[in-house]
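One chain, subunit A, appears in both complexes that follow, with subunit B as partner in the first and subunit C in the second.
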Partner chain A sequence: MRRHALAVGFFGAAALTPLVIHDGFFLDSLVLILMWGAVSGAWNVAGGYAGQVSLGHSAFFGIGAYSAALMATRLHASPWLGMLAGAVVATAAGLVIGYLSNRLKGPYFALATIAFSQVLLIVASRWRAFTAGSEGVPVPFRPGFWTLGFASKVSWVYLVLCLALAIYLVQVYLERSRIGYQLAGVREDEDAAQALGIPSRRLKVRAIAASAALTSVCGTLWAQYVGFVDPFYVFSVDLSVRFALNAIIGGVGTAMGPFVGSLLITSLETTLRAVFSDIRGGLVGIYLIIYGCLLIVVVRLIPQGLVGWFGQRIRAARRYARA
Partner chain B sequence: MTALPQLLISTVLLGGIYALIAVGLTLIFGIMRVVNFAHGEFLMLGMYLAFWSFTWWGVDPYFILVVAVPLFFAIGLGVYALVMRGVIHASHNVQIFTTVGLSTALQNVALVLWTGDFRFVRPWESSVVVRILGAAFNLSQVIAFAVALLFTLALFAFMKWTHAGRVMRATAQDGEAATLMGINTDRVYRLAFAIGIACVGVAGVLVSPLYSVYPTAGLQFVLLAYVVVVLGGLGDMVGALLGALIVAGVEVIGSYVFGSAWKEVIYFVLFIAVLVFRPAGLFGQRGAEALGV
Partner chain C sequence: MLELDAVTKRFGGLTAVREVSLRAGPGEIVGIIGPNGAGKTTLFNVISGFFAPDEGRVLLDGRDVSRMPAHEICALGLCRTFQIVKPFGNLSVEDNVMIGALTRLTSVSAAREEARRVVALCRLEPFAASAARSLPIGLRKRLEVARALATRPRLLLLDEVMAGLNATELGEMITLIRSLHGEGVGLIIIEHIMAAMMRLAQRIVVLHHGEKIAEGTPESIASDRRVVDAYLGEEFVLADA
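Right, the complex of A and B next:
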């Protein structure tokens, strides 16, 4: 239980908040914190546990967003089916990109994934007949659970909370299970892992595919929540960086890291947006400047992230108390 | 095939500019072993320098080069001291996210200071048509190519014949051995980074009359520069020149055949293909070895 104290506190607080606070802006921030935490958790499956640091995860997010939006507008299909379709397409895309970039490491892998997301961006913004081009796709609002249309923010909080919890549990599984230990082995020393008979290539591809599918599910929910899919946003490099950023600030390869990172970064963003939106549009960029600087400082001073850093402090304090 | 001279000369002109951007990137990688994800942002700053000096004082972009070279060299020194120096021996991930953070910060500094509007620099050269072998180009393109070529050649000469250049090449070959020979590698890294940034800053000034200026303008060029650099082999300067010609050729011929809307798809697919099948580049091996590909 002690291992999960942080998670219980975090998700418990998120579940109780809508009972106490009814302010729309606050609940919106909460949905976004959970949402971005969940996507970063999905990124963490490949980037943290498998060590495949991708800067093109917006590709999978966009696939999820587009699948549901296009199926809802063209076929009048339920977003749940769109979510499933998106996850299938994203898994396939993850398998392909994972297989192709299998030998690539570090910056090369990051570059390949950026290029992949850019290809999807160009296709989505130029192939007008299929995607409606650079104008984007408005997601129709049809009230009801089966059509994923909730007017109340409270329903969204609980829906996204379920998603966040599921992704948290996937990560916990990766910390405890055989496959998780094998992935850690591959991440730390691929040659040694292979020498021990771990099928490192297959594992990496699977981790990327699983991460892609989860990211795509988040993309679908995000599109349904926001109500609009803009190709230049959902496939942007900035978005991919954001997924990685939350996990890095919170702690790469820790199950709670992405959520802690998202709590910090997303609340910083919504606060600064609220403060600066009254003054001048361009000033919204200030939070991104802070982002960038924070990223430089955090990877330099605490590369293990906040969760990792506090974990070390707590263990050190316990050792001291025992001695 | 009346279009042939136009296509060929376009390729060469464009290739010259891409070469200058890519040479700076590959120099930084070859010597520091750091992939600079913020490279495009310095290009963007160069474009803004040209834009503002043209709008405020009516200074022609090509005269501003006199200021741009020392200015970007100094920016390079400053960024090295503040940001890069601490991560030069860190892991890949730390290096990637440091330069990604730098890129995000710089893009948004530009956004906050100068808004996201698309801006244009239109000096008189842009409206002068030059005819080469029956193909038509505007004078800005020709000047940009000539100056880029001059800078690239100057850099090659510097690397080959000066003492500092020799020291830099030695460090690129084997940093540890260079340290043992009494080379102050920290100074070499600083110099390499500053020269790389100066190159890309100059390239930014040169391309400003040809492309629109906006805070994320660097992104399209930096992705392209990576295509060039990976094609030529990361860290290989001669390879970067050939890579620049290949990418320019793909872009020019691709937009002639498929229309300019799809040219980016062509070189990204080319990029992924090269990464997958020849990650060490078409000719090189050196950079790739260091990354354990």
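Right, the complex of A and C next:
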């Protein structure tokens, strides 16, 4: 239980917040914190636990967003079916990119994933007959659970909270299961892992595919929440960087890292945007500069991320207390 | 039982291993010696599935494993260590060993137990919870062996696991290798420390410029003219005499 203390505190606080605070802006921020935390958790499955640091995860996010939006507008299908379809397509895409980039390591793998997301951006923005092109796709609002239409932000908080919890549990499973340990071996040293009987290539592809499917599910929910799918946003490198960034700042390869990172980054971004909203046009991007500085500080000083760093401090303190 | 049938491995114009044939019977300790660049580690890489031979075959229990990937060869019971040790640096010593154990065992708790047993066998208990990267080289070498052992190999390939050890550590490593041999594990050992090799190996194979130039009992190797010229040097013969 002690190892879940942070999760219980975090998700518990998220669950109680709507009972106390009814402010729309605040609840919207809460949904986004949970949402970006969940996507980063999905990213963490490949990027953290398997060491396959992708900067193209917006590809899978966009697949999820588009699948549900297109199926809802063209076929009047439920977004839940669209979510399933998106997850299937994203899994297939994850298998393909995982297979093709199998031998690539570190920055080369990251570059391959960026390229992949940009290919999808071009397809989505140019193939007008299929995707409505660069204008994007408005997601029809049809009230009800089956159609994923909730007017109240409170419903969204709880729905996205369920998603976040599910992704948290997937990560916890990866920390304790056979495949999780084997992936850790692959991440630490692939040659040694192979020599010890671990089918590293296969496991990496599986991790990327699973990560892709989870990311796609997040994409579907995000599109339903926002009500509009813009190809230049959902397939953007910015978004991919955000997914990776939350996890890196919070703690790569820790189950709570993505959520802690998202809490920090998302609330910081929201605040900075609000603070700098009425300054001269030339300075609107200043929050990005602060963002960048923060990233440099974290990566230089605590490369293991906030959760990793605090975890080490707590373990050290316990050892000290025992001695 | 491992059999190499005229194995050749080239890198571009360089023939690292040329038509080497070799047998290692079950439970046997075979030593491989030779000067630096003789092709010893390349030979290990070919046997363990990291390189496919350009010519010749590698047979494990009569089965051709020449093109088999490393992880499948490990599953068949042949495991190797690396000369330049490759610990899972950020993981604990026990987790390192457990990852090896998970190759045979599907249950994490069973693998954890097995890892504790192997950690104790290799006398790594005091460091079980330490991160592997915090270990000094002598212990890293021992971890390398422990991790390989956890996969329960029938044949273990040790690539210079004694290099850089102090006298005490060396003695412990020799004891460990002897006890493995006692349990019926076959071993192929690459080593430069001749004193250890003479005590351990039942048969020694000498490589020079990628070719096998001699093979025989430690005594016959130590007095073989070609081996003395290529590798051991006159001092060794004098010191031995």
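Criterion: the second predicted complex is superposed on the first by the 316 of 323 C-alpha atoms of A that agree within 3 Å, B and C clash if a C-alpha of one lies under 4 Å from a C-alpha of the other, contacts with A are read in each partner's own complex, and residues count from 1 in each chain.
Convention: contacts are C-beta pairs under 8 Å (C-beta built on N, C-alpha and C of every residue); 3 or more make two chains touch, one makes a residue touch a chain.
Because the structure is predicted, anything quoted here is derived from the model rather than measured.
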| item | value |
| --- | --- |
| When subunit B and subunit C are modelled together on subunit A, clash or fit | fit |
| Which of subunit B and subunit C A:Asp189 touches, first, second, both or neither | second |
| Angle, in degrees and to the nearest 10, that opens at subunit A between the C-alpha centres of subunit B and subunit C | 80 |
| Residue contacts on subunit A - larger count, subunit B or subunit C | B |
| Which of subunit B and subunit C A:Gln118 touches, first, second, both or neither | first |
| Which of subunit B and subunit C A:Ser267 touches, first, second, both or neither | neither |
| Contacts of A:Ser177 with subunit B and subunit C, given as first, second, both or neither | second |
| First (subunit B), second (subunit C), both or neither touched by A:Pro199 | second |
| Partner chain(s) touched by A:Thr73 [first = subunit B, second = subunit C, both, neither] | neither |
| Least Cα gap, in Å, left between subunit B and subunit C after the two complexes are fitted on chain A | 13 |
| On subunit A, the residue positions that both subunit B and subunit C contact, one per complex | none |
| Residues of subunit A touching subunit C in the complex | 176-178, 181-182, 184-185, 188-189, 191-200 |
| Interface residues, subunit C side, partner subunit A - complex | 48-50, 69-72, 74-75, 79-82, 86-91, 95, 98-100, 102-103, 106-108, 111, 147-148, 150-151 |
| In the complex, subunit A residues that touch subunit B | 53, 55, 100-101, 103-108, 110-112, 114-116, 118-119, 122-123, 126, 237-238, 241, 244-245, 248, 252, 281-283, 285-286, 288-289, 291-296, 299-300, 303 |
| Touching residues (chain side subunit B, partner subunit A) in the complex | 35, 37, 83, 86-87, 90-98, 100-109, 111-112, 115-116, 219, 223, 226-227, 230, 261-262, 264-265, 268-269, 271-272, 275-276, 279, 291-293 |
